[in-house]
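Shared between the two complexes below is subunit A, which has subunit B as its partner in the first and subunit C in the second.
Right after this comes the complex of A and B.
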């Protein structure tokens, strides 16, 4: 008995030692900066600089300003639409790569899936702005085909397209990682027992691949809601998002306390999304 | 003992080398136009130093960078002319040796003593200036259609339009369009300015920062850029001769950038030499035609170093008239600045 305890204690110490670098990293580069930001959000910017006012005034301003609330709503709407669209597009693509494609072509398909990550994020956004411009590539094609031209540039649609292009590929990788681990025998066994394709997907494939979907969807949510570049370049300043509002506080006035308060609001949205996802995953029916 | 001595010798040697290397570097916090080799390399070659340049946009961003730095990290600062008193009151800039700098050669309007001289000490000197006004594609819109600025927020805007995303100059321009000099803007004026801004937004297809604004007008996405000027179009006229700019009858906003030396610079003499280099006719010509953006040099003597085409693109011969028609950037106090930013937030959310 005591020998077992000793081994358990040694394992625990070894696990702690192995986790220590990651824990230290998280403490130094996440927990501490987050704490500083939380404290800063209770300060005020004055003529003389930053003042430790210990007030909720920055949060009150956010809650009482229609423009600020609109920016938060815009961010949430864009993020939800992008996440749903990306999952809808990524799932079939991941399925084709993991299940339908012969194994010898999978590596090539995965390499193609990560091609968008090779390009700088800013460059990719500017490339999209040229594609979607009034006299851009898309309208050039539509014009050649005699179809009506589209006015997509500088709009929420452009922002959603830019985001979806990137996140579909990210989600494809996470969903693929789940699908490729499913033993084909499970589907065959279900089919032998009389299940149709829809039932196999609903009761076998979907629940087992769900962790990959949820992890990818959460990553998409977190990265999308905090992104400044894409709404700034593709949105054309027509759809103010929360990260743009954060930058606006810093640009000229260096109002770091207000920027910190808005960043905490962003963090709160991401945390709520995580809690919702974690609870949903824990439900037995999932 | 021998090993310890060797280690100490290596350490001492390394320290000396590091100090020597540090002494050969100058650290400057600048706008993007200073990153052009044509401006920096002659200075590096002459003094045998390496100039480390850190670009920033917006005085707030610069202040944040400085607050996060150690004293002595920076040597030279380029800053918005109107913000010099702000950075001086924060103790960031040190006095300049006035006698060593070409004050007599500056355009008189660029001396700006009210901004640069505080308690009898000169802390910065103008190096470049230009206008936030109206850029346009002359193939699509005529200069005549844009002579009245208020047409841009009327029900019959003369063409597709983008707005430069910086509230201080753009709200200053709108104020001038409404007959309010930029120096006289008060909180009471903001409702009228906001109403005009909202109409402007209705007529505009986009609101963007420098690169987005340039891209919008250069690609034909829009015909007019409100808040643009020579800094958007002058460098592009070689490839896109239809791009032009003008100052409407109500006037425009004049921007200027200043250069100074950090109070806690570890090499103030070298930093002053850099300021002198930037203010020299050669330095000024390179700065005026920097690959990042073009604008007028503060030193009139730079004209001798520039081509006729370059001067024509910058409207060199019309500067007397332009300087008369342009108001300086608004210089809001903290309350007015915060209120202006709130108006701009509503404008962006509109």
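Right after this comes the complex of A and C.
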């Protein structure tokens, strides 16, 4: 008895030793910095440097400043619009690849759908600014067709287009993954029982694939609301998103405590979205 | 037939949308003129030549490769060891530990980078490529851990047990049994983290000072506005990734 106990104890110590490096790394370079940020968000920046003020003043400033609230609202609006648009565009494409296309072409179709991933993230936003520029490709085409030109550069529309492009690719992959797992027999059985295509989609495919779609949508939400690059390159300087505001604090104003407070607001938004998704997934009716 | 036409039209439209920016980017990298906007004035390789002759960009590219490979090697090692620890079934509080290890996945890169920046500031640690690598290990270890943990199944565990019964030390079990058995997963984890690190901007931007990675160098190039040189950088990165992807694809095809 005592021998098995010591062997068990030894095995435990060994397992802990294996997990220790990764745990230590996560603790020192993820958990601790996070704590530092939380603490810093309660400090104040003064002319002499940082002061350990222990006050919620930064959060109060966020809640009372129209400019800051507007940035949070901008971020939220952009993110919701992008998430809905991307799901709406990606779903049919994923459906076509997973169901309508002969199996031998699926791999190719998926690979083609993510080709722009191969260039750099920063460059992808820049590429859209080329397309949408005042004298860019899009207006060139519109001019050729005799249609009115659009001034999309440096606008919220440009940000939304850039984001939607990226997340449509991402969601095509994730939605494809959940659609291709559905056994085709279910659709056949429903058809045999007299369901039309609309009913099959409404009552079989949609509910069964929904959890996968929701996870993809949450991923889109989290990545989109936290991104600085796309709104900075495509959106211009007027209609700021929250991450741009965070970067402004550490750049021009060197106000690390305010940046920390805004980041925590950002994280809170993502956490709320996550909780909403997790609760929704747990609901028995779904 | 109607159905086929509808599908084909939708695919054509969506692929058009997906390819549009990359196509425009590549086309105007060959622009024989000062602006990457219509009309296309003819084919020239001068912008590509200018990129390849730009010492800062080449240095940044090498920095990026270095950070990507070093941080991914470390992330895979940490992730693999932790995944083995969980797979032994002997790890106390394995669920909580797994959750802790994957927690960074749910936090935006901006927040992770900012936290590290603040901590390095307070510690008086100066910024360098090493601090960028630290950040990239933070974001990639959870990924490597998850991929390795998913790959270690009952087959691996019983082979490990057999090796242990035959007297192999823990290190030998890991090196001669587990690692070869899940080699494809290890490779996938490594390549995925190389990709993420290679393309990562915000952490590299916040945590580097004098030596920078390629995305950060490209970022500073963007300040010059629309410029065919930026197109050329983008196209060259694109080609580099295409070659890498095809190489991996060919390598895995040979294995089959």
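In this section, the second predicted complex is superposed on the first by the 256 of 286 C-alpha atoms of A that agree within 3 Å, B and C clash if a C-alpha of one lies under 4 Å from a C-alpha of the other, contacts with A are read in each partner's own complex, and residues count from 1 in each chain.
Here is the rule we go by: a residue touches a chain if its C-beta (ideal position, glycine included) is under 8 Å from a C-beta of that chain, and two chains touch if they have at least 3 such contacts.
It should be emphasised that the depicted structure is a prediction, and the values quoted were computed from it without experimental measurement.
Between subunit B and subunit C, the partner in contact with more residues of subunit A is C. Look at A:233: by the touch rule set out above, it reaches both subunit B and subunit C.
Of the two partner chains placed around the shared chain by superposition, neither subunit B nor subunit C is touched by A:211. In the overlay built on the shared chain, the residue A:46 is in contact with subunit B alone; subunit C does not reach it.
Of the two partner chains, both subunit B and subunit C are touched by A:256. By the document's definition of touching, of the two partners only subunit B reaches A:67; subunit C does not.
Judged by the touch definition given at the top, the superposed model places A:129 against both subunit B and subunit C. In the superposition on chain A, A:245 makes contact with subunit B only, not with subunit C.
Shared contact residues of subunit A, touching subunit B in one structure and subunit C in the other: 126, 129-130, 133, 135-136, 233, 250, 256.
Looking at the complex, you find that subunit A touches subunit B at residues 46-47, 49, 65-68, 70-71, 74, 126, 129-130, 133-136, 153-154, 232-233, 236-238, 240, 244-245, 248-256. Within the complex formed with subunit A, the subunit B residues making contact are 57-61, 63-64, 90, 162-163, 165-168, 205-209, 211-212, 215, 219-221, 333-334, 337-338, 341-342, 344-346, 348-349.
Considering their complex, residues 8, 11-12, 14-19, 21-23, 25-26, 29-34, 36-37, 40, 89, 92-93, 96, 100, 109, 112-113, 115-124, 126-131, 133, 135-137, 140, 165, 168-169, 222-223, 225-229, 233, 243, 246-247, 250, 256, 259-260, 263, 266-267, 270, 274 of subunit A touch subunit C. Residues 3, 7, 10-11, 14-15, 17-22, 24-25, 28, 36-39, 77-79, 81-82, 84-86, 88, 90-92, 97, 100-101, 103-104, 106-112, 114-119, 121-122, 134-135, 137-138, 141, 145, 170, 199-202, 206, 214-215, 218-219, 222, 226, 230-231, 233-235, 237-238, 241-242, 245 of subunit C touch subunit A in their complex.
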